[in-house]
Structure formats: structure tokens, C-alpha cells
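Worksheet: one structure, shown below.
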Amino acid sequence: MMTCIMLVNAERQQIASVAEQLAAMSHVSEVYSVSGQYDLVAVIQVSGPEALSALVTHALAAVNGIVRTETMLSLRTYRKQDLDTMFDIGTS
Amino acid sequence: MMTCIMLVNAERQQIASVAEQLAAMSHVSEVYSVSGQYDLVAVIQVSGPEALSALVTHALAAVNGIVRTETMLSLRTYRKQDLDTMFDIGTS
Amino acid sequence: MMTCIMLVNAERQQIASVAEQLAAMSHVSEVYSVSGQYDLVAVIQVSGPEALSALVTHALAAVNGIVRTETMLSLRTYRKQDLDTMFDIGTS
Amino acid sequence: MMTCIMLVNAERQQIASVAEQLAAMSHVSEVYSVSGQYDLVAVIQVSGPEALSALVTHALAAVNGIVRTETMLSLRTYRKQDLDTMFDIGTS
Amino acid sequence: MMTCIMLVNAERQQIASVAEQLAAMSHVSEVYSVSGQYDLVAVIQVSGPEALSALVTHALAAVNGIVRTETMLSLRTYRKQDLDTMFDIGTS
Amino acid sequence: MMTCIMLVNAERQQIASVAEQLAAMSHVSEVYSVSGQYDLVAVIQVSGPEALSALVTHALAAVNGIVRTETMLSLRTYRKQDLDTMFDIGTS
Amino acid sequence: MMTCIMLVNAERQQIASVAEQLAAMSHVSEVYSVSGQYDLVAVIQVSGPEALSALVTHALAAVNGIVRTETMLSLRTYRKQDLDTMFDIGTS
Amino acid sequence: MMTCIMLVNAERQQIASVAEQLAAMSHVSEVYSVSGQYDLVAVIQVSGPEALSALVTHALAAVNGIVRTETMLSLRTYRKQDLDTMFDIGTS
Amino acid sequence: MMTCIMLVNAERQQIASVAEQLAAMSHVSEVYSVSGQYDLVAVIQVSGPEALSALVTHALAAVNGIVRTETMLSLRTYRKQDLDTMFDIGTS
Amino acid sequence: MMTCIMLVNAERQQIASVAEQLAAMSHVSEVYSVSGQYDLVAVIQVSGPEALSALVTHALAAVNGIVRTETMLSLRTYRKQDLDTMFDIGTS
């Protein structure tokens, strides 16, 4: 599994609806509305690059109200101890 | 509890060591090295603004190799079902 | 209580009306029209992140004439003596 | 009296000390450490432009740890009712 | 009196007309079309912040063709000899 | 004569001294310390491009404390009534 | 032959279609959808500057959905062993 | 004579037509379509600032397809030997 | 295999040596020196995120002369005909 | 022959010396000191990409005082009539 963190800017009037549309997507585990220069941060879990491509170029393309996205691939996780939690990218 | 997502740029030679120093901090739950214009994304859990202030102005100030940080307060979580996991900002 | 400082860019013709709409909001204590690259600075007092989320994604979304906002959470106040004044974030 | 709002970026290790040095200055009423791309927001009250010039080019010049400042003149205050509070720029 | 210097970007087809509309305003003493990243520089004389606020949020709001303005308050003048009038560089 | 308006960023500790060094130069008529993202605005009068080149590459090069300059050539002046001298805004 | 690498930003809903239109062009050898601030990277092979000019100002101009392109001329290739063809990384 | 170099961004579909409209102008000696973040570079020869003002605010304003221009005044030419060529800004 | 495209800015005096150091790395297939705002473009082939993390945080950290890198994960390849190898553009 | 236009930012104290060092280079036909955000514009004539690579990574690397360069390849020239002048990229 590949974890990605996506920074999202949305139309001001559609921040909540964009968050809900993203959160409803199968590959999206969490979406946070945040303070600062971005509006949302989405945590994405995909099988690999092609799955991420399909998500970006097709699923996200259908979401109304997104102004801009910037996807960061999570390369390695650093944490005190291995938690079997949401961010757990445990292998299948 | 307040969840914050911190975008971090680090000195090129110290990305791994900065990630480890951050992950060792009590208020930091996860740190991800990422592709793109930022180097690390840290997930922070604090009791409130004052605790975040102490973390930023004291604990982080002692971490060698940080070039720049930008802290985003997580305002609200949107996800399919409420998981009692890492990002769970549930009280108690 | 959580104090936030919001930098606002507004449509040129609607700076005054945006300022008035913001100032009328319950969580907004002051709004200043300012010189420089921003148009307005709003001082916000909310109970916590969720209240700020509701303000940003719903109340602000209804204000016509806002081009862009950037919300900064006030982490800690530094001042000569504790005044029981507007910016007082005295604990309950 | 003229109210100014100053956005400040400080050296990471000196955010707290810069905040304290600013707050100790006679013309500075409040200093907030904040989340986001800036580190501090200072609220300044001066008699006029010349006093602000003296503050910026002399008093601030002596503060160690400031990386960059951007001063915004407050042109007009918009708030629900006139409070005789910290931000009160009541006429002499 | 307070002197301000306003950097102006205008619609390409309306640089001249914006310059003329600004120059006709009572508080505007000179307007220069300039090379570089800005289109116009306007020199403004106002009694104080509130007058500047009225100019920015009302008079300027009515000028067609302005894309963006950035107002700088002149804090102090430095020149070889003190001339009675502001910006007086009368040739011998 | 050619009028130029130069935007100047200076070292924080040397804003006043840079302003004084510039104001002492023969081709510089006025220097203003200003609020906002720039520190100084200098008004320059030169005979033509070569004189401006000499000013920028030699005279200014010798001024300690300048971080960055951006020179704008004034193309045309727009003002209510045509005054003999450049920048003459003498009050009645 | 001249190799160019073109960074492309496309309308969110048209990333895939822009990629396909580019890949179908004779001078375009590969197009990659990518993570990060750009959407696509196109590898272009042309006989010289004039051919690149025709591609940019005519062929690309006809592609719907391109927001912005930035073309970089490849000056020199550095790789472990000299392969006959440009970009040949055939696996064992 | 004054030589200016103008950096031009044009609508993607109108790069060639903008180049041709500019090249047809009396004061424009050459126009180059270029790679990189700008689309065109125009070399302009004018008698002085007022002529440049007329060119920018009137002639260029009539050219369809220009998104943004940034004009740089050539202050001084440095070259191996004085060539009686296009860029020759020789006195009358 | 995962293909990544890395944009690199290098110290001016070390562009060639950085290119050679990168090209010598096992996971780097090609490095191009390029015109424009970046200095080099490196094509990288890794087994997955962890391998990319090791490359970025360790191998690249040891390369002298790199100022900044921005890594883009290639999500999907679009090209006229499916060639056996990644980036194979062998002429007939 | 390939014509390139290079935008150069130089150390403030070394603008003239950088211009002279560049103008002395065989492939550089003209160098202009300019107003605005750049300091110099150099016109370069090279046989092809490899010659430009040698110029950028070796000859320019030896020039003291250059802060940053951005090279634009001239794709096509648009001018009223073909002049056999400096910018003439006429085929041999």
C-alpha cells in the first residue's frame, strides 16, 4: 500500500462539500479542514502509482469545488512505536 | 485534544535525523518523509494553543536541521466512519 | 476560548461591506481595514477548532466579496500586564 | 493615535525572546505567537508616522532574532459596539 | 498630513484612464506610469488613517480598471535640505 | 531629465543609514521610509539611461546595508495642474 | 535532434485528455502524469528551435485544457553508459 | 534613443499573433518567441520615456492576446566591439 | 518499479559535478542539464516509497552542491505505442 | 546557430564586472544592464545545446558575482524585415 498526503485548496463556499465528497471515496481514509494557506488535507491509501493516477485524473476530476491539489507521496513513516492505527500502512 | 498538521522543510543532509527527533517528542504521533516541495509532514496532538506554543517555541527550537515549519490546526475531521485510531481526536 | 487572527483579501469594491459583514458575526470581535498586501485583519474568538471550522466553512462562506482568507491561531499572548480587555483570552 | 498590526518572522530558536522584547516596548500593546506562515503578530499604538519610523528603524533594529517584518497601518475599525478596550484607538 | 505611496496594477487597456481618474482625486497629488512589474505609482496626501480608509474603500473602489493596489505609508522623509513643500524638487 | 522611483529593501539595522546615504547622493531628490513589504522609496532624477547605470552599478554599489533594489522608470506624469517642476505639490 | 522537457499544468478535469492529445503528437515521445505542483511532464524531440516554436505556438495552442507550460531545453545528458537512443533505460 | 527589453506573457493560442502584431510596430525592432516562463521577448527603441509611455498605454493596449508585460530599460550596453547592428543604440 | 522525475537546483559552480554524481547512482537512469529555472532533471527508478526515501534522505544527502530538489512521482505513462522498456524512444 | 537570452541577477557590488566578464566571452554578443527585477540581459549565440551546456556549466561557473541565471532559448524571430544584424540567426 502507498500512503499519500494531499493538500487541497477549495472554493470558499464549497470547503465542507469538497471534504465530504473526498471522505466518501474508497481510497481516502481521512480529510481534515485546516487553518493556514490550504483548506483541506486528505490522507490517501492506494495500491500504487496507477491507482493514484486514476484517483487524481478521474475520481478527483469529478469533485466540484476543488481549486488546486498538491499530492505528496509518503516515503517513510517515523513514529515512536508501531501502532495498528489509521495511519498504519501495514502490508496486506 | 487539538490535532495539528505541520509541514516541515529540513536541511537536505538532516531530513532523517529531524524526522527521528520529531517522532520522539511526546506530542508528535507520526512523521512522514514526503515527495514534493516539503520534506516532512508531522501529525501533532496537543491539549490546546498554549501547549502548541510551548512545542513550537521551545521543543522544536531545539531540533537541529529544521529550515522552516508551517503549522496547520485541524479544524474538523471528515471520514467514512468513526475509527478509534491514531487520528481519533476523541477525548479521554 | 481560542483567539484567531484572520488575514483577508476582498474584492476592491466590497472591502467596507465585507468588513461590516464580518464585524456583525458573533465570533468576530474586531475587523480592521489595513494598508499593505492584505485588505482586512479580523480578530476572532471561538470555543475551539470545531467552532472555527463552522465559522470558516459556513458563516464566512456566506459573505460576498471575500477573495481569500488565511487564519492564524493565536498560540500565546505576550504583553506588559494582563488587561481585562478585548484581547483578553482569560480562562473560564 | 495610530494603530498598526505588524507581521513578524523570527529565527526559529528566538520566537519567544523576540515576542518578549517586542511586548516590553512602550508602543507595543500585544504580541501573539501564531500558527501559519508568520511567527508573531504585534499590535502597535503610535502617535503618528514619525513615531512609527522611530520604532521600526531604531527600536526594532535593536531586537535580536527578527528575520522580517511587514507593518500594516490600521485605517478603520469595524466592530459591533465601541469598547473602551485594548484596541480602542479613541481620539485624544 | 500623512503621505502615502500607492503601487497600482491596472488592466492593460486602462492604464492611462486609471492614471487620469486617480490624478483627478483631491487627495492624489501625482500619478506616474512606470516600467517594471507595477503600472502606476500614486502619491497621496491625507489627513490621517480614516481619510485614507475612505479613499481606499470608497473613492478608489469606484475607479474602473484597477486590478490591485498596495498602499505604503511614508514614515519619514530623508532629503538634502528641508523644503517647505512635500516632494518639492524645483530646479534652480 | 528622467525620473525614476526605486523600491529598496535594506538590512533591518541599517534602514535609517541607507536612507541617509541615498538622500546625500546628487541624483536622489527624496527618500521615504515606508510601511509594507519595502523599506524605502527613493525618487531619482538623472539625465538618461547611462547616468542611471552609473548610479546603480557604482554609487549604489558603495552603499552598505542595501539588500535589494528595483528601479522603475517614470514614463509619464499625470496631475491636476501642470507645475513647472517635477514632483512639485506645494500646498497653497 | 534537440530534446526538451515540458512541465505542464492542466485543467483538473482534463489531465488525462491533455496527456493523450500530447502523446499523440509526432514530436512528443512520452507524457507522464506526476504528483506535486505540476500535472504532466512531456518529453519532446525536435530538429531545432524553429520546430519547437511551431510545436509550442501552433500544435500545443490547439490542445484544450492546458493552463500553463514551461519548456526546458535539455543541454546535455549524463548517464552511466552511453545508450544509442535518447532515454533508453531498458531493464536487463 | 532608449532601448528597452520587454518580457511578455501571451494567451497560449495567440503567442504567434501577438509576436507578429508587436513586430509590426514602428518602435519594435525584434520579437523572439522563447522557452521558459515567458513567451516572448521584444526589443524596443524609443526616443524617451514619454514615447515608451505612449507605446505601453496605447499601442500595446490595442494588441489582443497579451496577458502581462514587464518592461526593462536598458541602461548600458557591454560588448566586445561596437557593431553597427540592430542593438546599436548609437547616438543620432 | 516506480519512476520519479526530480527537478534539481545546484550551486552554479557544481552543476556538472552534481549531474555526474547523480548519474553514477544505481537508481538514477538519466540526468539532463536544462535551460530555465531548474538546473537538472533526473529520472529515477526505484522499487517503492521506502527505496525512494533511502535515496533522498541518504544517497542524495551525500551529494555536494545540491541546493534544492523536488521529486515528482510518475503516476502513469502516456505514449503512442507501448514499448517494452520505460522511456524507450528508440528511433526505428 | 542558436540564439539564447539569459536573465541574470548579480551581486549588487559586481553588476558592472559581471557584465564585462560576460561580454568578453566568445559566445556572448551583447550584455545590457537593465532596470527592474533583473540586473543584466545577455544575448548568446551558440552552435547547439551542448555548446550552451559548456557555457553554462563551465564558462559562467567561473564568473564571480553571479547570483542567478535563467536561460531562454530563442525559438523564432519575428521582425519587419530581415536585417543582417547582430540578432541575425541566419543559417551559415
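Letters A, B, C, D, E, F, G, H, I and J mark the chains as written, and numbering starts fresh at 1 in each.
Going forward, contacts are C-beta pairs under 8 Å (C-beta built on N, C-alpha and C of every residue); 3 or more make two chains touch, one makes a residue touch a chain.
Just so we're clear, the structure is a prediction, and the values are computed from it rather than from any experiment.
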Between the pairs B-G and E-F, the one where more C-beta pairs touch: E-F
Centre distance in Å when subunit C and subunit G are each reduced to the mean of their C-alpha atoms: 45
Euclidean distance of C-alpha centroids - subunit B vs subunit D, Å: 28
Subunit H and subunit I, separation of their C-alpha mean positions in angstrom: 37
Rounded Å distance between subunit B and subunit C, as computed from the means of their C-alpha atoms: 25
Multi-partner residues of subunit E (each touching 2 or more other chains): 19, 33, 35-37, 52-53, 56-57, 70-76
Graph class of chain-chain contacts, one of line, ring, star, complete, other: other
Interchain contacts (touch definition) - all pairs: A-B, A-C, A-D, A-G, A-I, B-C, B-D, B-G, B-I, C-D, C-E, C-F, D-E, D-F, E-F, E-H, E-J, F-H, F-J, G-H, G-I, G-J, H-I, H-J, I-J
Interfacial residue positions of subunit D with respect to subunit C in the complex: 3, 5, 19-20, 22-24, 29-38, 41, 43, 70-80, 83, 85-88
Contact footprint of subunit H on subunit F as seen in their complex: 2-3, 48-50, 52-53, 56-57, 73-76
List of subunit F residues in touch with subunit J within their complex: 4, 52-53, 56-58, 60-62, 66, 69-73
Complex contact set, residues of subunit A against subunit D: 35-37
Touching residues (chain side subunit H, partner subunit G) in the complex: 12-16, 19, 33, 35-37
